[in-house]
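Same chain, two partners: subunit A is paired with subunit B first, then with subunit C.
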Partner chain A sequence: MKFKSYVYPLSLSAASAFLANKNELNFLNAGGTDLLGLLKEDIIKADNILNLKYLKDLKYINQEPSGELNIGALTSISEIINNVFIKKNYNVLHQAASQIASPQLRNIGTVGGNLCQRPRCNYFRGDFNCLRKGGDTCFAFDGFNKYHCIMNGGPCFIVNPSDLAPALISLGAFVSVFSNGREKEIPLQDFYILPSANYLKETILEKGDIVTKIRIPAQPRDLKSNYIKIKERETWDFALVSLAASLVLDGKKITKGSLVFGGVAPAPYFSVKGNKDLIGLDLKNNKAIESFAEAFVKDANPLSMNGYKAIMMKNIIIKLFSEII
Partner chain B sequence: MPENNSTGKFSRRKFVKGFGATVAGAVVLNPSIPKITKSLQKKIKISEKIKLNFNLNGKNVSTDIYPYNTLLEVLRKNMRLTGTKKTCNNGECGGCTVIINKQAIYSCHILAMDIEGKDVLTIEGIGDMHAGEVIRKAFKDMDGLQCGFCTPGQVMSAYALLLNNKKPSLDEIKTAMSGNLCRCGAYHNISASVIEASNKL
Partner chain C sequence: MTRKLIKSVINIENKEHEFIGEVSLLEQETWGKNDTLKIIGKEISRIDAVDKISGTASYTSDINLPGQLYGKFLRSPYPSAKILKIDLSKANALKGVKHILTYENTAKYKWYYETSFLLDPIVRYEGDEVAFVAAESEEIAEEALKLISIEYAKLPFVVDTEKASTEKNIKVHNWGNIVEPSEYKRGNIETGFADADFTIEDEFRTSVVLHNPTEPHCSVVNWDNDELVIYDSTQAVYQIRELAANALGIEQEKVRVIKKYMGGGFGSKLDLGKYTIAAAIVSRELKKPVKVVMDRKEQNLCVGNRPDSIQKFKVGIKKEGLLTALQLNSMGTVGAFPEGAGLSWPAKTMYKCPNLLVNEKSILTNAGAARAFRAPGHVQGIFGLESLMDECAAKLNMNPLEFRLKNYTEVDPVSNQPYTSKKLKEAYKKAADLIGWEDWKAAGSSKSVNRIGLGMASQIWWGGGGPPAHANIKLDKKGNITIYSGTQDLGTGTYTFIAMVASEVLQIPIERFNVVIGDTKLCPYAPVSGGSMTAPSVSPAVRDAAERLKEKLMDTAAILFDEEKNSIKYSNGFCVNSDGSKKVSLSEIAGHLNEQDLLIKGSRNENPKGYAINTFGAQFAKVEVDTLTGKVTVLKISASYDIGRVLNKLTLDNQIRGGIIMGLGYALMEERIIDENFGKVLTTNLHTYKIPTMMDIPEIVIEIASDYDPMISNTGVKGVGEPAIIPTAAAIANAVNNALGVRIKSLPITPDKVLIALYVSK
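Entry: the complex of A and B
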C-alpha cells in the first residue's frame, strides 16, 4: 500500500477542506473495504488517507415523526440489516443490505461507501491502463465483457456494483453531500453519472465533497417492496442482474411503483416510461406482465458476451411480480 | 556445535535472537514515537512509527506500527500470533477473521491504526474460553475440516455467530459462515460442527 500520510480530521469541514486540496490526491477511509482493495492493487495513488471513523455524528438511523427515515453515511451495513424498523417497513432495503458481500465486510462497510464504491470491471481492477484510469481504450468492448453493462454503455462499459443504490432509488431516497462548507441534498438517482457524460468518475462528487446522509421520504402504509439479486455464486458475489421494486397494490393492480435495476448499466437503471407503464398493471394477467417486461428490455444493447443479461432482466421482473403478490 | 558453548563465540541462533531483541528494544524505548492522540496528532507520516494501544485477547497491549500496517500484519509480526492466517490478503476468503468489539471482521482488510482502543479477539484468545473449547471440540467431532488451513477463520466466524445468536438455524449458519471459503469443500461438516456447538453451549 502506498500513501504519504494518515490523517485524522477532527470535523467534517476539516475533512472536506483537506480533501479539496488541488495539489494532492486524498481519499476517505470510512469502512475501508473498497479503499484498501484499491490501494493494495495500486489502482489509485494516494497522497493522504483521511480517517472518518471517529466522526461519530455521521453514524445513526433516525426515524422522524413524519415517517421519514434518516441514515448517516457512516452507518454500517450490518446496522441496516439489524434495524427492526427497516426490516418491518423497508423490505427492499433490508433484502439489499443482507445480500451485500460477506458478514465480515458488512460489519465494517458503510452506507456512504457502498453508494460511492468504484466499479468491479476486471480491466479497471486489473493491470490495464483503461479509459477509466486515464488510458484511451475500453478493453471490455472487444474483450471479456460477460459482467458489463447492456444499457447506457459507452465509451466505458462498467456496471454500478451497489446493492443499496437500486433499493434506495426505488424508495425515492435523497442523498446529502457536504460541499464547500454547506450541505446540499439531491435525489439519489441524480447522484450517478453515465460514462457518456464523464468516464473518469461514477458520481457527481467533486473534490472536497463528502456524502453525509441518506433520507428516505415517508412511504405509503401498504408499501410492498422486494429486492432480488441474481449472482453466479449463491452468496458473497456482485449482482449479475438485480431488481429493486417498491410497489403499492390495489388488490392485484399496481397503483404506484418504481422498478430499479442493478448490474445492467453504469448507474442504477430505471426507465421513466417503464415506471409509468407500471401503473394499472394487473399482476394476475400473465400476458400483460410478459409484454411489460419485454418493453423494459427493448433498449438493451448487449456486448459480445452479456446478451444473457437482457433475458435475465425480463425474467427477474416476472419472478418479482409473482413473489410480491 | 553445542548452543551454549563456553568458548565465548556467539552461535548463529544466539546472534539472531540477540539482534532481534536489540532492535525491538531500541524501538520500544525511543521516546520520539508519538501516540495516537486524536486531539494532538492530526497527521501521521507513513515513515513514522506509531504506538498502537488496544486490547488483545483480554490484555491491554501496545506495539509500534507503521500507518500502512494492516491488523493482520500486526497480529502475525508484532504480536507473534500466527493462528490468524494470511491467505488472500484481499478481504475475500476469511482465513484472517478476528473479532473486533463482538463482530467478525477480516483483519487483512482493516488498517491497524483503526483498532486503537478496541477489543480484538483472535483464535489464540478463545482457546481458554468455554465457548472456544466447545466449538473446537465440535469441529473435531463433526469432522469440520480437511486440510485445516481455513479452520481458525471458520472457528472465529462460528464464535461470532454464537456470541450474538445462541440457537441459529441452518440458514443463519450458512449466512454467517458465508464469508469464509474452504477450498477443500468441507462446508457440509462445517455447518454440522456449528450446529453441534450451538447444541452443546
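Entry: the complex of A and C
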C-alpha cells in the first residue's frame, strides 16, 4: 500500500478539485472500511488519499419541519442506528443499518461510504484481472458464482453490497452530489448503473464528484417499513438476499409502497411493475401473496450456483409480509 | 527401583509413534474424587492471566532481536507450474534487501516426506514457496517480492478430489494422485448384510476447512555461535528441535526451541515451517537474526487444512436395532503432498458391529497440503457415521439415543480389549437431560415456518497420553518452587494445571510456583501438544516430581528432628514431628540443603497393558430452522464427557466451548473455496473464510460424566482438546434433519443448501 500523499481537505470544493485531477488516481477516505481493504489487497492503485474527516459539515442528521430527513454523507452507520427519530419513524433504515458489518465497522463506516462501496465479488477482490478491473472476462460467469446476481447481470455479475441503498430507495430517498463546484440532487435509484451500461463503475459519479447528502422525503404517518437480510453468519456478512419494504396499509390491504432488494442484482433491485402490483395486495390472502412473489422472481436468470436466490427472493417477500402485519 | 526404560507406542493424530523412554513406576495411587481434593477440579484462573490481559505476555511474533532481518516468501500464483527463469536483479538492487534464496542458489533440503524440496523448481499449489527474501524491514521485503521476476511454464492441474482420484493424465506427482489406500476388515461383510433385516446406503460429504489460529505461524531465529535458537509459534518444541536439526543436518543438541505463549494452533503448528528453515539458512549466512511472520493470506493458503471427505456407507440392521454390517468407502484430499485423509476410526470403534469393511484413499490435488486439524479424521468420520446412525434409527422408528445404546460396546471392537474406563452411557444421560431430550419427536413433525429440531451425536477419541513425559521440580532457598517440563501451552492452560498439580501435592498456594515450559534447553522432554495428550502425559509427571520432593523434604526433616521418617507429618508446606513440638517450613528445609540436591525429576508412568484407553462423550443440539430463509440457528448445545479427571474446571469449560464453536463453524459456514478453472483459493481472509462470530454462538451447557480414570496414571486425567469438537457438526446436522424431515448430507449446512433441499423434497 503505497501512495504519494495523504491529504486532509478542509473544504468540499478543495476536496473536489484535488479529486478531479485528471493525471492522478485519487480516492476518498470517508471511513476507510472498504478503501483500506482495496488498497491493502492491491485491488486499486492510488496516487493520493483524501481523508474527509475534517469536513464536519457533512456529519449530521436533521429532521426538517416539513417532515423531511436530511443525513450528511459523513454520518456514521452507528449514528443512524442510535438516532431515536429514525428508529421510530424509519424502521427500514434502522434495521438495515443495524445489520451492516460489525459494531466496530459501523462506528467508523459512513453513509456515503456505504452507498459508494465497491462490490465483494471474490474475483474482483482476488488475484484476477477481471472485467471490472479492466480485464476482458467475468470469471464468475463460469466460476464460483454462488453469491452473484440473478437479475440484470451481464457482462459482469456482481451484486450491490449496500444494505442502506435498498432501504433508502424504498423510502424514495434522494442523493446529493457535489460536482464541478455545485450540488445536484438525484433520486438514489438513479445513482447506480448496471454493468450493461458500464462495467467499470457502479455509480454515476464522475471524477471529482463527492456524495454529500441523503434526503428522505416526508413519509406517511402510518408507514410500516422493515428490512430483512439473509446471511450465512449472524454478523460481518453481506446479504445473500435482502429486502427493504416501505408500505402503507389500509387494514391488511396495501395502498402504497415499494419493495427493493439487495443481493440479487448489480444495483439495488426493484420492479416498477412489481411495485405497481403491490397496490391493493391483501396481506391476508396467502394465495395472492404467493403469486405476487412468484411474479417478482419470473425475471430471474440464475447462474450455475445461485439458483437458490430465486427461491430466497420469493420467500423473503412472504416472510416480510408475514412479519409486517 | 523407581524408574525403568520401556518401549511405548502412542497413537497421536491417527498415527502410531514408538518411543523408548524412561517411566516412573506407578508408586502413587490415583487421587480420589475431586471433592476430596483442595485445588484440583476447582475453577482456577490462569496463572498467566494478568500477563495476557495486560498485554505484557510475549508471544513469538512479539520477539525482536537486535539487528534482525525480516523474511518473506514469494509464492506461486499458479496451482501447477515449472519455474523456467528467475530474475532477481531488480529485487537485489532494492535498498535494504539482504539476501534472496531460490532453488538455484539453495541446497536441496528435502521436504514433505522427501517428495519435494524447501525450494523446488516445480510448484504444485497456489502459494507454494518460490523464493525467500530477507530484508531490513517487512515493508522492504514485501516490496522486493514484487520486483522478483519469475517466468513460469504453466502445467495442467487438478483441484477437485473426485476428479483427481480417477484422473489419468494430470498427476500432482509423477507417481500419481493416490496416497496410502488402506483396507480394514472385520468379520464377514457379506454374511453381515445377509443377516440384516434392512440395509441403508448413503453418501456424506464435508468441505476442506482451515485452522486459522489467531496468532499467525511465525519464527524468529538466530545462531549463537553454532547453536541455532528458534523462537517458534509451535505446539511441539521438542519435535521442532528434531525436525529442524534433521533438515539442516546438525545435531539436535545444537538446536534450542523456545515458545512461551501461543495464540492457538489446532494441529497446524505441529510441523516444521519452511519459513523457519529458510530463516535459519539466511541467518547462518548473514550472521543476523531473521524474523518471519505469516500473513492471513498465507495462513489460508499454506499452513495446513482439514481434508474434505466423500463417505459412502452401506449399513445392515436388525429389526430390533442391532448393527450387523458396516461398509465404508471414503476419500479426501490432502492437497499437493502426502498426508492422511483417513476418517474411519469412529466407524471401527464407536459401536459394536461384528462385520466391517473399510476402504480409504487420500487424494492429491493441486492445493495447500493438509495438516493435523483438531481430531483429524474423527470430525469428518463422526459426521458421516452419526448421520447414518440417525437414518438407521429413523428406519426403525426408534429414538436415536435408544438406537445408539443398543449398539453400545464395552470393549474396543478393534483390539477386543476392555477400556480403562468408559462412561459414555452416563454422558448420554447428562447431555440428554440438559437439552430436554424427552421432548424429542420424529423428524419432520413440525410443519410451521420456523421449525425446532433436536439432534445428538457421540464421540470417541484417544487422549490417554503416555510416556515419555518428564517434569523437573526445583526448590530454592526461599522456598520458591520452579517446575520445568518440555511441554508447551497452546493457550489451553498448561502453565496453570502444572502449578495446580504441584500445589495439590505440596499444599502451598499456586502463586509459589514458577512454571517453565516450552524451552528445549531448560526443560526435560515432554510430548507434542497434539492428540489431546498434554494434560494426561504431563500432569502425572508433575505429580510424581512433587511427591518425590515431598518425600525428600520429610527425609530432611527427620534428620533435622532426629526422628524416624515415618513419624514426620507433612502439612501445608511444613514438616511436623511426631508430638507436634517441632515444625519446619519447606523454605527452612531448603536453607539447610544444598540447592542442587533439590532438583528432582518426575516422570509419567507406563500405560496399563491389555487395555484400550479412550475418551468418550456426546453432544446434543437444539436448532431452529427458518424454512423461508434456509437459515439454521443453533439455540443450545449440551455436552457431556468421559475425559477422566477434570484438572481445572474453568479451562476445561473454555476448551469444550472453543471446540463446540469451532464445530459449529464446521457445521454451518466454514469452507475453503477454490476456483476450479484457475486452481486458486477464493477465501483467503477472515471475511470470506467465515468463522463463527459471537452472535452465532448458542447457549452451551457442560457436565462431565467421569470422576477419574482409575488405571492410567496417578492423576487419572484424559485429554479434552479434540473430543470437544468431534460431535458438534453431527449433532447439529441431526437436529436440522429432525427439524425439517429433510437431511442435508454435506457440510457446511448453508441457507442455499437448506432451501434447495426443501424445494426438491416438495
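Heads up, the rule we're going with is that the second predicted complex is superposed on the first by the 325 of 325 C-alpha atoms of A that agree within 3 Å, B and C clash if a C-alpha of one lies under 4 Å from a C-alpha of the other, contacts with A are read in each partner's own complex, and residues count from 1 in each chain.
The criterion applied here is as follows: contacts are C-beta pairs under 8 Å (C-beta built on N, C-alpha and C of every residue); 3 or more make two chains touch, one makes a residue touch a chain.
From a predicted model like this one, the values you see are computed outputs, not experimental measurements.
By the document's definition of touching, of the two partners only subunit B reaches A:Leu105; subunit C does not.
Once the two complexes are overlaid on the shared chain, A:Trp236 sits against subunit B and subunit C alike.
In the superposition on chain A, A:Leu283 makes contact with neither subunit B nor subunit C.
Judged by the touch definition given at the top, the superposed model places A:Asn122 against subunit C, while subunit B stays out of reach. In the superposed pair of complexes, A:Ala295 makes contact with neither subunit B nor subunit C. In the superposition on chain A, A:Gly32 contacts subunit B only, with no contact to subunit C.
Once the two complexes are overlaid on the shared chain, A:Leu205 sits clear of subunit B and of subunit C alike.
Once chain A of one complex is fitted onto chain A of the other, the partner contacts of A:Pro9 are limited to subunit B, with no touch recorded for subunit C. Shared interface residues of subunit A, touching subunit B in one complex and subunit C in the other, are 102, 235-236. Interface residues of subunit B facing subunit A in the complex, by the touch rule stated above, are 36, 38-39, 41-46, 67-68, 70, 89-91, 94, 97, 103-106, 109-111, 113-114, 157, 160, 174-176, 178-179. Those residues of subunit C that touch subunit A in the complex are listed here as 77, 449, 626, 628-631, 668-669, 673, 675-678, 680, 682-684, 687-688, 690, 692-696, 750-753, 755-756, 759.
Every residue of subunit A that touches subunit C in the complex is listed here, in rising order: 102, 122-123, 125-128, 139, 142-144, 146, 228, 230-237, 240, 306-309, 311-312, 315-316, 318-319, 322.
Taken together, the subunit A residues at the contact with subunit B in this complex read 1-10, 29, 32-33, 36-37, 40, 48-49, 51, 53-54, 78, 98, 101-105, 107-108, 235-236.
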